[in-house]
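One structure is given here, and the rest of the page talks about it.
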Amino acid sequence: MWSFYFHELMRSLPFFMKGVWMTVAVAGLSLIAGTIIGFICGIMRAGRNKILRAVIGVWVDIVRGTPFLVQIFIIFFILPGIGIELDAFSAAVIALSNLSASFICEIVAGGILSVPKGQREAATASGLSQYHQLRFIVLPQAMRTVLPPLVGQYVLSIKDSSVVSAIGVVDITRVGWFTVQRIPEGIMVFGLVGLLYFAICYPLINLSGYLERRMTVMTIRL
Amino acid sequence: MISFKNVNKWYGDLHVLNNINLEVDAGEVVVVCGPSGSGKSTLIRCINRLEPIQEGELVVDNMAVHDKKTNMTKVRAEIGFVFQSFNLYPHMTALQNTTIAPIKVRKMKKADAEELGRETLTRVGLKDRINSYPAQLSGGQQQRVAIARGLCMNPKIMLFDEPTSALDPEMIGEVLDTIKMLAKGGMTMVVVTHEMGFAREVANRVVFMDDGYIVEVAPPNDFFRNAQTERGKAFLSSILSH
Amino acid sequence: MLENFNFRVIWEYMPLYGQCFFATLWLSALSLIGAVLVGILACSMRLSQSRLLSWPAGIYIESIRSTPLLAQLYFFYFGLPSLGIMLPEWVTGVFALTLNSGAYYAEIIRSGIQAIHFGQIEAGISSGLSYFQRMRYIVLPQAFGMTVRPMLGQAIVLVKDSSLLSLISIMELTRAGQLLTSERFMPAEGFLTTAAFYLVIYYLLKAFSNWSEKRLIFKEAF
């Protein structure tokens, strides 16, 4: 029986590959958007405007304080109610971008604040503009603290993308869920699902660890 | 009390202790000095086997430290060690720092250990800081707690590894005074330090090290007035000029 | 949307939400206790000299961290029955949450232990404390002090992760929102109320985390 199911599972591999593609698409798009939004918000969060800082703080708290599953449901079920029609894929990308952006925002803000105050003062003293201070003095130093947790956050976001299967996006997890209805060997089916995620995430986890070790001795060129 | 016989030690290819011979008698105060990287910290750390030696014999209080079979817990209980960076336990008060080893190693009753700890902290001038945490103490006070922590084990030997190097200048005096008090009380001590005034006042002998060798051993007055080797003279002029 | 917001229905469902709120709390608490115990065990195995102990712990930690919780949950939910093990849903859910967070706790505890300055251990050696005594009185209390914040952070993650249990039909906060959506078709009311309850837990844990940080007087010395 077992070998029969294994055969069946092997025949479903193309279906699983479609799932992998979907996971990569959802996570990839969300990470690009999340990184851009996260950096902008993070820079503002570490900036001087108190109102902006407070608003971003509340947003971060709300996203951090509620489960991603609930956020997806809110975006998928409630936005259409106020006139924004969304398919499951777009809702998934919006939700995951929002989630990633909020975490990246905190990582970036933390990195900027970890740069000693004297660095900014020295830059001001030598007449660099606000933008140039940020671009050439603060951000390059902040990147040292930012990069390892940033890659770590990418891993978390890829794993969190599995939750979008709950609104019907056919990613790796959803493919597993379909397959297990047909091939009732949960260990085997979700073992394969796990293996596929592992193949995507494990190199990134190691990259994050490697960066953490490297960053203590290296500065980044922006 | 402490006896090095042909002791050698390597870190990989680096020969950090080169054929060391040194005897320290009971009640003697020996100051070890030398440029950084000369092996003086390694020398003192070998005495309670924080660093193992690879060759030679090292006997402390009739116990063979070079022998892997020796029960080091017993040896270490007889040796107080004071670190350059204090290494106080940050999660314990000054009193708890001094009582943990007497209670756990000497199996002393808690009340007796606390009595002893209070007494010792009073001796080093910290009567009113007994319940402070290390973070609430100045560097000089932290180092005096560290000395008290060593003393509470009622050791036969006290070792000091650059006890004042991490301190602000205005705090060095209080720590040196504490160590002087011990020296006058007849404690056997080995002190790694660059404080030459202190060495002149309390040391019986000065050991000058360079490049893993013991270059000179002499009473402090002889060494300071009339160093026998070029390296010794060069070292003295480099530290006395500032 | 807001003008149509139906508070009456929320009020009507409040007893259900109350029940589900407590279900989330005790499911999370149970998993949290289990996860900390598993974490301590896995961490001490991983730091052990013996390969026989450190390898399995390493494989456990790495494979959990490289795969999504939802895939792990399905792995046990569909997998255990195919091995002939029939458990109530909530037991499977708590089991998956415990194993998942346990791996993260193992890493948190390990980073705490490894962050302790080696001078601390040398000081313990110098005063003749045994290996066990050094662990018990010097290393572990400090590791605990340093890791209170990440530990509470993981507890927040755990509470949010428990929302995934709704996908294997366990009654908890997110399930309540799903019920309001399917029975009355009021997703806004349902999921926003759910989100509000999670935020209450989040802010309580966050406040506790800040408070405990201030209480740990010795932390500046690290």
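By written order: A, B and C. Residues from 1 in each chain.
To be clear about the criterion, contacts are C-beta pairs under 8 Å (C-beta built on N, C-alpha and C of every residue); 3 or more make two chains touch, one makes a residue touch a chain.
If you're wondering where the values come from, they're calculated on a predicted model, not measured in any experiment.
Centroid distances from chain A, each centroid being the mean of CA atoms, peak for B.
Taking the mean of each chain's C-alpha atoms, the chain closest to the overall C-alpha centroid is C. Set side by side, the interfaces B-C and A-C show unequal numbers of C-beta pairs in contact, with more at A-C. The centroid of the Cα atoms in chain A and the matching centroid in chain B are 53 Å apart. Chain B and chain C, compared by their mean Cα positions, are separated by 46 Å. Between the Cα centres of chain A and chain C there is a gap of 20 Å. On the chain A side of its complex with chain C, the touching residues are 61-62, 64-71, 73-74, 77-78, 81-82, 155, 159-163, 165-166, 172-173, 176-177, 180, 184-191, 193-194, 197-198, 201-202, 205.
Residue ranges on chain B touching chain C, taken from their complex, read 48, 50, 73-74, 76-77, 79-81, 83, 85, 87-92, 100-101, 104-105, 133-136, 149-150, 153.
Residue ranges on chain C touching chain A, taken from their complex, read 1, 62-63, 65-72, 74-83, 156, 160-164, 166-167, 174, 177-178, 181, 187-188, 191-192, 194-195, 198-199, 201-203, 206. Residues of chain C that touch chain B in their complex: 117, 119-120, 122-123, 125-130, 133, 137-138, 141-142, 145, 217-222.
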